[in-house]
Amino acid sequence: MNVKHFIEDKILLFEMTEELDHHNTEKIRDRADYEIQRFMPKRVIMDFFRVKFMDSAGIGLVIGRYKQVSAMGGRLELLNVSDKIKKIFEMAGILKIIPIIDVSLESQRKE
Amino acid sequence: MNVKHFIEDKILLFEMTEELDHHNTEKIRDRADYEIQRFMPKRVIMDFFRVKFMDSAGIGLVIGRYKQVSAMGGRLELLNVSDKIKKIFEMAGILKIIPIIDVSLESQRKE
Amino acid sequence: MIKSKKNEMKMEFDSKSNNEAFARISVAAFASQLDPTIEEIADIKTSVSEAVTNSIIHAYPNRTGLVKIRAILYEDEVEIEVSDNGEGIENIDEAKEPLFTTKCNLERSGMGFTIMENFMDNLKVESIVGLGTKVTMTKKIKKVHN
Amino acid sequence: MIKSKKNEMKMEFDSKSNNEAFARISVAAFASQLDPTIEEIADIKTSVSEAVTNSIIHAYPNRTGLVKIRAILYEDEVEIEVSDNGEGIENIDEAKEPLFTTKCNLERSGMGFTIMENFMDNLKVESIVGLGTKVTMTKKIKKVHN
């Protein structure tokens, strides 16, 4: 997973790895927790651009980060969610509370 | 497998499929035999451009076509042979009798 | 009508999480003999991943055990069985409910069975506490004329 | 020195030629846990394909039997066993010679064992006529620091 910090805006962006299964999400979770606690972001963006495979472990990962970020007053958003992944999130009903953003972030990037 | 006939020059070109294992070469062999008997080519070119996997079934396929084509006074040539595939042919010693040609055929194509 | 079996495979492996990828890739490679669409293969991969992960996490929480897969190809259908000799499930109906999980500490979402039910055409769960669990799923592979 | 086993899998399937691709893909997916190079994975795929094809063609020439694979991962090595309960080999030394084949009518090249020997680090062939054949191959996976 790649991590990008946008310091001025207090945005933390996580680029998810290709295969989001139980095995890989355990590592991602640890890294994400560490970054969130260290950086105390206002917004956390999980970017699914690279994701080729996701099962329900991805749902757990998103819900877990949502709880963590909300608890510290921040906001969680999802980026580049394919139809296949969207379908999985919809089954769990999480898109009612966690927004998918579609805008390309490239334009606002100040790393 | 794609088959191309260059009628004026009596050339027959076979574009090998991606995976040259025992399972797939059986089908290729039948098709190649049919085309060779029908077209009576002077030159037969086996093009390995697409091949991503080959095991010893590929050797058998080449030797089999060599015998068939030679018996009718024709010539067999191999095109676009990657290093990996070359290594396998070399083990069987067949490159001493069957030439690899490197020239792109595109320029001489008259289908 | 009796379905005639075209092909069959079995595999078993240690309940280690790094086998999740290998398991779904193997079943997908086997099922691809029926010429499924990319969509159908993705559904199969996800469902196998759910069932295998469950055996790794829930069946053997504190030890390494064996996870078994059996796959059968019929003319237009694949049947996949994932089984373990682990803890077993006490209440299967409850376990199958969306969002039900006994492992929220591990950030499990409780959506595994729901995904299997949605992505496959049929799901059967059999389990005996202390003996193990067997999940059987089938998916029709529609013939595409090309 | 005792090598410590990191992971293990077993699989078995019908001796049908369309299982050749599935078999080599599965073993490659399993072995990829050791982070092999593309070259190493290609060598493994080719060798597995040779051994599996042999069981399909030579062990069960006129019937469908079972082909079994067992793979074990060590720290820096993969061990792969391909076995069948088929015809068996009368003279193993002769069978291993380059270009030796009993099936030239099927356009076999007699290069299967030679390829396995060249692409893997170690090859052992055990066989009993009428009972079956077991081929065991190992390959070191060199650790690349990246």
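Quick notes on this structure:
We just call them A, B, C and D in the order they show up, numbering each chain from 1.
Rule of thumb we're sticking to: a residue touches a chain if its C-beta (ideal position, glycine included) is under 8 Å from a C-beta of that chain, and two chains touch if they have at least 3 such contacts.
Since this is a predicted model, take the numbers as computed values, not measurements.
Minimum number of contact steps separating chain C from chain D: 1. With each centre defined as the average position of its C-alpha atoms, the distance from chain B to chain D rounds to 27 Å. Computed from the mean C-alpha positions, the centre of chain A lies at a distance of 42 Å from the centre of chain D. If each chain is reduced to the centroid of its CA atoms, chain A and chain B end up 51 Å from each other. Among the residues of chain C, those touching two or more other chains are numbered 18, 21.
Touching of two or more other chains is recorded for no residue of chain B.
If you check each pair of chains against the touch rule, the ones that pass are A-C, B-D, C-D. Here chain C touches chain D in the complex through residues 7-14, 16, 18-19, 21-22, 25-26, 29-30, 32-33, going by the rule given at the top. On the chain D side of its complex with chain B, the touching residues are 17-18, 20-21, 24, 42, 45-46, 49-50, 53, 56-57, 98-99, 106-109, 111-112, 114-115, 118.
Residues 19, 21-23, 25-26, 29, 53-57, 59-61, 63-64, 84, 88, 91-92 of chain B are the ones touching chain D in the complex.
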